[in-house]
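Each structure below is given as structure tokens.
You will see chain A twice below: alongside chain B first, and alongside chain C after that.
Up next is the complex of A and B:
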């Protein structure tokens, strides 16, 4: 047997070109398969951290199916969906990532629930998630729509400039896109303190009080062409006046807003927040012609219209504007899963568990939005960078066909290995004849051919696996996955990849190997 | 002529002799062609299914454009009238101007439209009462009148543009939008599900007031006794009587024009209306098709990748065939066949196999496709375009996979072929030293 092994090794060494081709082919297939098994399922712990921290979780579950999956289309009857436009009735994170759904509209199943979650719905959902072992904390994205928001502004220089006409009796500055968002200062919610840039954050003592945080970066919006925004933001200590429409729920369970009976509420601004999300880099136009090509960068901010208030305050305001008709006004839930390493698997499981809702991971949602220069406004990035990246309408989860892709790539790689083996047999007929003449059995010659195919395939697969799995292991470790669990994940992935590799190699290597058994020594030598 | 007949005779003999290899080649090509046609049908079917998810919306007019602030509506409309049309033909004959603004009521947030009631399609609307013509008068759609409990003669409270600036309006009429130009012939009533999507489903005010200066074609500022809550002004929207089939193309052109003239970064859409809003009856089906295309794009890509598999399969078969036939080719070259004749013989063999595969694959795909289309309602039957696409795919793959072995065969000398010497893909440069 050791003689056979050394013969295989000699053959491998002698045909370096074909050996390399087979190893690289199989390595590529293994790399793609390992990546689809592991990398596409998760992210490193720090991925899209600012978005996740600000939204309150790793996965968003929309009350409406605005994030569509292939199975939704495949399993729906014709004419059972309807066209809708995103409204400001129940504001939420969709306004950040898919704002074009307001003007362009989207499709949703007519029978699916519309609008928002109630406390009962959240409790039931959280219980089912816990039973399925899918999630940790479930945090409602509790908002209160506002018809308009006014503030006086000051004469001093704010974040975005000064106001020359801030005299007594001057018209107040107005926001028409703002709304209130509730943030629980206890109960396991993350702290807002890291985002606070002026004043103070909200604390437990603020619960029930009419205080708020506003986004400090909104003053810069006045610099955008065509945008009618105040050039400054309400100062810390200033009072905001917010006009809240009356809220109710109709007999069909749909949210209903009454703007005629709207209520003015005054909130004291106790702090400013800013959410730095990512950095945009670009090569300035005209550079690079003989000179240095150093990229320029701009720190991007989420620039949120949300006026953040304490949870108990929001509940009290909801009680006033709905007169007890609603106990929660949330278009989405933020779900924390603890580890991002397999978050996409969790989203797939959620989609199966709640077919009427629209779950999507925050990293996936943010990545799709970022590709279209959303959600952050830019001020220095040149137009050439974002001009062709306009949002393309309603998006959804791309259909998953990684299994088919894997099979295709493995089949290609195995074909290369088989071709190598066939050429090996054809070119070494004389050798095979001599081997048989000096006593090698057909089985031994067959083993030699098969052994070479399997050895090369395994070498390639191991290389591809190590390359892709290293990234996946980093995802697992950065998410704080215990060492034993990491080992188990790696072991199971390795078993799958190497198992498939060896199976393909054996199946495709069988034909050339069998050709050798059909040859007699005399037959081979006669041909020479 | 007889020379080519002899070559064809040799090719036929070779085809017979190496039947197993040629069968494998034919099978791979058959799978390629048939698979392409069937999988293409499958994905087209899924996109069709997506386009059927939401039915066309019932609309009073074929196309409504709501332009954002800053757009010169008259220039926009005159550009749109002839854009993309041939000669002096027009995209549409009539465009009725309107003024739209946000409106707030007890029923929520929506629009209020100031329109010219002389537009002919208003005559088809069942109307209880009359159309408004004074500044403080309004006509309500049936759904809104029911929600507010209003009838002609009632007074309702609405806020236009500014939610805190509420005004009182006398209801002069309650109308039920009709659908004069759409859906199947004879459909005259509005489906309940579409009530909120009709273009005239909002409260209507008069665009031109008595005593005010009526502008030609419904344009121009409106003077007179407008209430504080009533900010009627220059028209900023229009109902366009475009032929239904041309509406989608016109929308694309108008949108493209807008983006060129008013470039705005993608995030600007978060902070206000930065682009025109188009309402068309077929918006939903088109949106469905686009959604399907985006979701199933990865599937289409997989289909493309699978052709790599076919290409490598064909390449491997041809390469092995060439290596096996080295000695035979050497003999043929020795007895006087030139490269052209050898090439012709190999191509004839290949052509015969490819032709057989093309016929079999196409036949199988058409037969299977027709059966699938009968059973699965959203999968279309195979079309000539799908067949042509598959044919082009497969031919390209075949050509690419053939180049390498044929090039090696042409450049190989008799000696190289007979003595198992190294073969070259490109002609080796000979130098004298």
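Up next is the complex of A and C:
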């Protein structure tokens, strides 16, 4: 055995070109494998921070499953589908992220009656998630649809600009696409303070009071063609009148809205919020020829139809409009994982745990929405720029597509490892023939060849793994993952990647090795 | 039953070291072609047997059958009392390792191993201790006159030197018999002469048994016996006295 081992080492050392090629090939395979297994599910800590804070979690579980049909996205007119009127009936992040889907009717209830989550359902879900060790907090996306919203408007310096010609007491601004969102001011919920740009944030003292925050940037929506929006936002201190439809629950558990018996509620605007997300840059057409040109830039905001009210206030209003029939209107749940490093693993685990729900990570959803220049409205970016960014084909269900790509990358890596092993063995046919001729048994030849395959594939896989895993570890550390958990993740990743790479190499090296060693020495040499 | 050619010099050894009986090997090349056709052969210990024949006459095929590198479609080969045709692959490998040496026309050295490592290879396979491997390999390289070239790779050596390394490798485990397939076929005439002399010396000085297949008629001068193979069939050309006269 020691003779064979030294022969393996001699082969590896003497055949530097082949050794290097195999190690690099295996390293590449392991790199792709590690990336497809680990990096694809992790995001840097700060990624999508605004979305996560504003939505209240890292994963969204919708009460209804999302169905995506690409053709409608492509046929949609620019600007018209970004904030469709149906968002009032499908309140929450589903309509928020992908209103065109709601407008097209592609948000369909699954088999189970889950028009909204009840308090009991939320508690049960939170308990099961905690038991499975999957979540730190579960925050219901508690919303109340508004049939109509109006305010007087007036001179002000709103975030979207001033309106010097407006006069107090003029006809009120009316719009119909809004809804109230409950925000718990208690411990454990993200603070809205970082997003408040005028007035103040909501505090514990506001619970039960008729106060609200409004989006400072939404006045700009009036600039978009086809949008029926007031160009102004209600000023801080102004009263916002909201018409809440009556709410009942049918026998199937589905919510029903009655606009006839709607109730007017007056809310005091205590602050404006704005959620900056990303900056769009572009080179205007015609410029940039004949020299470098500074690109144009536009800061985008997560412009929202939401009017944020304290949690207890929302509960009290729900009690009024439903006459005690409904305990919670939660169209989605925001699940906080606490780290984006393994958020997609958590999504997969959640999907397994609750097969009738549709969990989607916030980064994943934001990325898909961003590809459509959603959810932020754009004002200055030329249409030619953002329309060309849209995918031309069918979009499909984003999570599944991403998983399919991961599988494809994984398959490429596996094929690479297999091809490396096959080439390594086939290249050594003559040597195998010689070894057999001088008295090496098939077992010895097999051990030697496969020993070399295992050694080189392990070396390569370790190298590739270290390169890719370093990035994954950086993700984990930057997300504040504890050291022990990082070690466990690295250990399990290493076992998976090295195990898979070496296994593929071994299995695919074994086949030609078996075929070659099964031949007589003369047959092998004659083939050469 | 084919032609039986018996060992010409009786009394050298108690019994034959190699016996081939009714050996057949055929290939299908559009039609069935018999490369070895009903061959019977006996080789005695210490004998230097040369099989002459033109290209395509089946010499290499016959040699590979006799050495246990290939299997006949019928007939049997008995090497040092072991019926090769009834052994499994592992037993056959063991026979090749301990009792057979083989010299190829194209040397068949492992290209990335040095002369020393190539010679060591068969000894290593026996599980011998390192010190023995080192000592034996050095002796053999010295024997073939390549002590100063032990660290050279095959590509750094001439054809003649490579063939000497191959011969040293064939002798590594003190085989009962050495088979050589056109050992001078890839060498110039001067180097070929050196290799023929080396074979003869090894046969004469150490009693090493050789079976050489070649189209090089000059090998006949060194042989105890010369056979001719034509279309896979053997015939006697000369016994020891005739061939050396």
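As a convention for this text, the second predicted complex is superposed on the first by the 347 of 528 C-alpha atoms of A that agree within 3 Å, B and C clash if a C-alpha of one lies under 4 Å from a C-alpha of the other, contacts with A are read in each partner's own complex, and residues count from 1 in each chain.
In the analysis below, contacts are C-beta pairs under 8 Å (C-beta built on N, C-alpha and C of every residue); 3 or more make two chains touch, one makes a residue touch a chain.
What you are looking at is a predicted structure, and each value in this text was computed from that prediction instead of being measured.
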More chain A residues in contact - chain B or chain C: B
Which of chain B and chain C A:522 touches, first, second, both or neither: second
Touching partner for A:444 - first (chain B), second (chain C), both, neither: second
Which superposed partner A:422 touches (first chain B, second chain C, both, neither): first
First (chain B), second (chain C), both or neither touched by A:377: first
Partner chain(s) touched by A:173 [first = chain B, second = chain C, both, neither]: neither
Partner chain(s) touched by A:147 [first = chain B, second = chain C, both, neither]: first
First, second, both or neither for A:221, with chain B first and chain C second: first
Contacts of A:260 with chain B and chain C, given as first, second, both or neither: first
Residues of chain A contacting chain B in one complex and chain C in the other: none
Of all residues in chain C, those that touch chain A in their complex: 64, 69-71, 89-90, 93-98, 100, 102, 104, 108-110, 112-113, 117, 121-122, 124-125, 127, 133, 169, 172-173
Chain C-touching residues of chain A, taken from the complex the two chains share: 3-4, 6-7, 10-11, 14-15, 430-431, 433-444, 520-523, 525
Chain B-touching residues of chain A, taken from the complex the two chains share: 68-70, 73-74, 76, 78-83, 87-89, 95-96, 99-100, 102-107, 110, 147-148, 176-177, 221, 224-229, 243, 245, 256-262, 303, 305, 372-378, 381, 383, 386-387, 389-401, 404-405, 408-409, 411-412, 415-416, 418-419, 422-423, 426-427
Touching residues on chain B, where the partner in the complex is chain A: 46, 49-50, 52-55, 57, 69-70, 104-109, 157-159, 162-164, 166, 193, 197, 259, 262-275, 277, 283-284, 287-288, 290-292, 294-299, 302, 305-306, 308-309, 312-313, 316, 319-320, 323-324, 377-378, 420
